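Both complexes shown next keep chain A, but they swap its partner, so chain B is in the first and chain C is in the second.
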Partner chain A sequence: MKVMVCLKQVPDAGEGEAFLQQVGEEVQVACDDWVLNEWDGFAVEAAVHLIEEHGGESMAVSIGDEAVEGVLRRALAMGVDQAWRLQPDSNSADDSMRLAHSLMGAALTWKPDLIICGAMASDSGNGLVPGILAGKLQWPFVALATGLKWDGKSFLVRHEIHQGMESLEKIGAPLVVSAQSGLNQPRYVSIRGIRRVAKREIPMKNMADLSLSPLQNHVELVDLKRRFPPSGAHAEILQGSPQEQISQVIQRMREQGVFTS
Partner chain B sequence: MKKVLIVAQPEDSCSMELLGVAEVFQPCLIQVAIFGDDLKLSKEKWTPWADRILGFEHPQLQWFDTDFAARVLAPVLLEEMPDLILTSRTNPGLELLPVLSGITGFPAFSDCLRVRFEDGDWIADKAEFEGKVIHSFRLPVGEVPICMSVRPGSFQTPAAIQKKAADYQLMSVPDHCPPRREFLELLDSSAEGVDIRKSKRLVAVGRGIEDQEQLEVAESLAKALNAELASTRPLVDQGWLEKSRQVGTSGVTVNPDLYLTVGVSGSFQHMGGIQGKPFIVAINRDPKAPVFNYANVGMVGDLFELVPLLEQEILKLGE
Partner chain C sequence: MNHSPSAHPFLGLSGPWLQTILMVLAFGIFSWTLYRRLGLLRRGKRAKRLDRPLHRMAWTWVYGILQIRQFKYPVAGVLHMIIFFGFLLLLLRSCLLMLEAYFGGVSEVGAVYAWMKDAAALAVFLACLFALFRRVFLRPSRYSDRLLPEHHSGEALVILIWILAILGSDAMFEAAGQALLPAEEGASPVAAGLSGYLEGMGQATLLQVRLSSFWLHNVLVLGLLCYLPLGKHFHVLLALPNVFLANQEPKGKLREAAEAGQAFEDLEQVGVGKLFDLNWKDLLDFLTCTHCGRCTDQCPAYATGAPLSPRAFTLQGRKLAYKSQPIWKQTNGNPDFWESGFSRDGLWSCTTCGACEEACPVMIEYVDKFVDMRRFQMEIGEVPEELQKPLQSLERRGNPFGKARLRAHPFLNSEKVPLVSDAVAGESVGDLYFADSAALYEPRANQAAVAFLELAHLAEHPLGSAWSKEVDSGHDARRFGEEGLFQELRDRNQSWLTSLQPNSVVVTDPHGLNALKYDYSQDLPVLHAVELVELWLQEGRLQVSNHQESIQVSFHDPCYLGRRGGIFEPVRRLISSLPKVELVEMERNRSWSFCCGGGSLNLFREELGQQRMAQYRLAMALETGADLLLTACPYCLLNLEDAAKSSNLQSWLGVQDICEFVLSRVSPENTHEKEGVKA
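This part shows the complex of A and B:
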């Protein structure tokens, strides 16, 4: 079996929102600290696990400049067999159709049986690329997988549908799946593990390497500005010392009848 | 006249809200695509609202197979070329919308919160970084059909029913479209464990709780309040709390009187699981946390200081 896993690097949002900066009327994303998109960690683990169990080969791909080698090395350290960095086809770095177009090139060149992506990226929150990729490839697509197995002939995919309900489905290869968080427990990567793969060569593939012609007639949405939402639009933010705040919140809860029932 | 095509998902209780998006484009022609193995009810529901209903009736659509639905709908979209193709950003919507975009080549916009017409342009807003930022885009309406998913709860069904008495057209499902997903079983992932939907008071914990031992501070408050503990997704993924306690679009929907959040950022995936009008109290150290946009009362500070203090005061009340 061949499993391709698609990765995105995102700003490290672990420490507050320092990477979001107000510049004039806009908010700009200023980040030096990039990490693997959280959902993609589950996708990598699923790919590595399937290959460990059934044999075959796994590959991680990511689109961007040299900086994305960081997340690709992380995937290598987790046990992915190889990695490709795909050269973006234009400056529209975050256009979902363009990203899916590049990934389609990688898929048609490497010919995986299964493509796993994270269900969405923690920055844009779009969740578009996996489905667009499946649509372009004309492969079936299942989103928000919480379980993924191979029975020797087909994939058994458990995934979220609505309101705590999940469905279990049987689907043949080739297939695109997006990983919901909690699909598995991504394995721990030690510093030594990262060092071990530090020298591994990561080939760069451009459009010609992937036999891709440029995307024709694609109309992009025009990216305008970002802004902070009105903060605390509805909440009354309590002031004073912690003790004073507690007295006030008890008072508000009393007024709402919380303690009368 | 603009043409808006609504893709109504069978299990989506918010699909009528998509008419609220169509209203922004008035006057417009409203087409609604419905799916199922028996379309009688769905047809009745949409008839007063639409100019035209496209019915896709097939045994494979007894459960909503989005792969099948996308493959039978896409050729119709390429023929009709509507200005806007709308569906709700539900879990099935997360499958259906991008696949339609991929097949047709039409650009996609995900998770729309607002649409407005401004200085001759159509502008749509979406949230990024879990609601910390709003990002606006100009939609190339009229240049190319746009596939758009809309966040449930962001638009209202227009109050005045426009009695259009839609034309109904039963669409043929092509023979070259064999189903590719075989449905085996429906699973209720929240069926085991405590049913927090029965509790009128909930204390919800989020990522502000950084390890399992820290849960104790919230459990203790819940006990003092005679409340049940609810959770956001990450703590359930870690295995610290049962799935039945997860509130949100992928968890249970609750309707309590009091919802007290502790270290919860307030993503819509979580807040979308709260129904009714509970009194919401939020404790978070980040004053810009989106949870304060939903809460009635907020406290900005260290939960490990505020929560034990609150617990003590509640115990004094002898509740």
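This part shows the complex of A and C:
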């Protein structure tokens, strides 16, 4: 079995540290701490686990400059067999169509049986790429997988559907799956593990390597403006010591009739 | 002598023949068993345990022969001493009785030895009877273990009865001899007394009694020898070697992940995953364990209901070792350690407090084994979920709280503690305060650190800080098995430490103390805050007010300050030098302290017991009736204070860092003087 995972590098938003800055009309990302997108971690774990169980080969791909090698190395340290860095298509930025186009090139070149993507990207909030990729490849697509198994002939994918229900699908290869949180618990990667893959060569693939022609009739996505949403009128931050704040909360609750006595 | 077994055939065999057959049989079985059992050690990894032989001999004399650790449990301890020393005397007797089968009369070596032997026999006899009574009726709780399905008291009972039978048969042998030839000189007083009961028996019957008791005695003694390697009484043979070979490194020092000359990164395998990844001394520990349960009795994880019992771990390890190398069957492979029944939850429940090792009378080591097993788990990515985030925070931000450096509490940037990160290279920066993560990123720990720095300021002891370069000491990353992360943090700290060249490093966090002393390689004096505060009080550089309310305080010894760092008495001297302050000790104090739940990464781990360790500890402090519980570690402070809050006991028992307490007792004149000088 061959499993390809698609990775994105995102700013580390841990502990609520500010990494967005309003610069004039623009909101800029001011972060020197980049990490693997949380959902992509589930995707890597699922791929490594499948290969450990059933044999085969796994590969991680990410689109971007040398900086994305960090997340590719993390995937290697987690146990992925190889990694490709895909050269970004000119001014692609966060255009899901362009990203899916590059990934399609990688898929048609490497020919995986299964592609796993994270359900969404934690920075842009987008979750379009896996669906577009499946469409372009004309492969079946299961979104928001919370369970993934291989029974020897086909994949068994459990995924979320509406109203909190889950559905279990049985689909043969090839297939695209997007990984939802809850799919697994990604394994810990020790520093030693990361260091051991530090010197691994990560090949870069450009459009020509992937036999890709430029996108035809593509409608460019234009980023008009980014801003912080204006604060609402109904939010209030309580002041004072914790004790005072608690009294105020109780006071408000009493006013709202939360307590009957 | 006429009535010696050497001269009378028994069961149709002459004495020498019968004895020879018994000995060949017994020594044959014993040697094979021993060969198989000790052969296990050859399957373990290498370990050097023969350095400093003279020191080791002295150590063995104190802990092995004099067994000073026995007295921490006085009843069992005294019983053990009586049986041990009694047996040493009786061993000579048993050897003589073996020879008696060849050379008649050799066992009669005079009145002095006869008296001594009788006294020993009587003492051992009574001790065994009491031990039996204790096992059967008093049943001390430490003899049962909720993590061990099988109860081990049966084996203890068998041995006690066995010993009684040996003593009894010997006495009977002598008594019958006395009855046959009453006028012998140098007779044993017990035998003389017992022989009275045998009066009236015919000579032939007496001889049969004498012979059968003699052979029963020899069979029992040789049988005991064969039985020793099969059960917990293997310790009779192994305790002294195990004590001699015990770890002689400082208590806070961990076993290295890679052998000398080997780079950690190039290791084929890290840590211990399978049974024989352990070293030979680890395996010897398993074989030596006496099941006494002192380790588990002291273990804070066990006490609070977590799935960890050091004794169960050792016995499960032993069982697995015996299973993989049976005495009479072919040797099996190298089993996964989990096959022993020891659980991952158990492994992660250890806070590395070291109470178990402090209690073990035969010096069995636990923390090194656990850490080595964790190293393996880290390597294969099997890490409890709740630890992953703080570990990644350590990797990315250099502290387990995940705070960015700009979130560090800026107290160190004040006039009082100048930032020395920009010191000129080659020029000494004086004494350096190493804050470590808690003081920098945790508000409550920060308050305690500020109190210490305030004291330093009052005592006019200049301290610098390089907090802007500091990362976590890596102490607990290492103890949780993340060796690579530890090494990275250590290297980052060591690089600025080397360039700043401080005279000494001062810490408020005992984990930092331990890391800098034993985990880091630079040779720097490292002091804990309490040592300095004690000095300042002694030298009068800090004036304490007499006009304060009287108060009773208790002190919780942090594991890495006390048990690991050996700093017990400076704290006591410090407290006793404060007027109107009375120290009331908890029953478990100094090296018997009870872990608060652990520092750093332990803070993020959910304890698996029914109760948190800190709550357990707080209950002990409440028993003293003290008004205030003091400690000297930021994490102890956090854990204990949280416990007081969550059990609503704050009004009964306050929790404070010792520096905060001293600061609250410093006389106003002291403060004013200093302010005046400054103005």
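Definition applied: the second predicted complex is superposed on the first by the 256 of 261 C-alpha atoms of A that agree within 3 Å, B and C clash if a C-alpha of one lies under 4 Å from a C-alpha of the other, contacts with A are read in each partner's own complex, and residues count from 1 in each chain.
Here is the rule we use: contacts are C-beta pairs under 8 Å (C-beta built on N, C-alpha and C of every residue); 3 or more make two chains touch, one makes a residue touch a chain.
Everything quoted here is computed from the prediction, not taken from an experiment.
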Quick one: classify A:D12 as touching chain B (first), chain C (second), both or neither.
-> second
Looking at the overlay, what does A:Y188 touch: chain B (first), chain C (second), both, or neither?
-> second
After superposition on the shared chain, which partner residues are touched by A:N206: those of chain B (first), chain C (second), both, or neither?
-> neither
Scan A:T109 for contacts with chain B and chain C and give back first, second, both or neither.
-> neither
Name the contact category of A:Q180: first (chain B only), second (chain C only), both, or neither.
-> first
Just chain B (first), just chain C (second), both, or neither: which does A:M253 touch?
-> first
Check the residue A:T146 against both partner chains and state whether it touches chain B (first), chain C (second), both, or neither.
-> first
On the superposed three-chain arrangement, identify whether chain B or chain C touches more chain A residues.
-> B
Regarding the shared-chain residue A:Q22, is it in contact with chain B (first), chain C (second), both, or neither?
-> neither
Chain A residues touched by both chain B and chain C?
-> 17
Tell me, which parts of chain C touch chain A in their complex?
-> 264-265, 270, 378-383, 385, 387-389, 391-393, 395-397, 401-404, 407, 482-485, 487-488
Enumerate the contact residues on chain A facing chain C in the complex.
-> 12, 14-15, 17, 33, 35, 78, 185, 187-196
Interface residues, chain A side, partner chain B - complex | 11, 13, 16-17, 20, 27, 96-97, 100, 119-120, 122-138, 140-144, 146, 156, 158-172, 178, 180-182, 217-238, 242-243, 245-250, 252-253, 256-259, 261
Where on chain B does chain A make contact in their complex?
-> 11, 63-64, 66-67, 70, 74, 90-92, 94-105, 107-111, 123, 126-140, 143-144, 146, 180-190, 200-201, 233-234, 236-237, 243, 246, 249-253, 257-258, 279-282, 286-288, 290, 292-301, 305-306, 309-310, 313-314, 317, 319
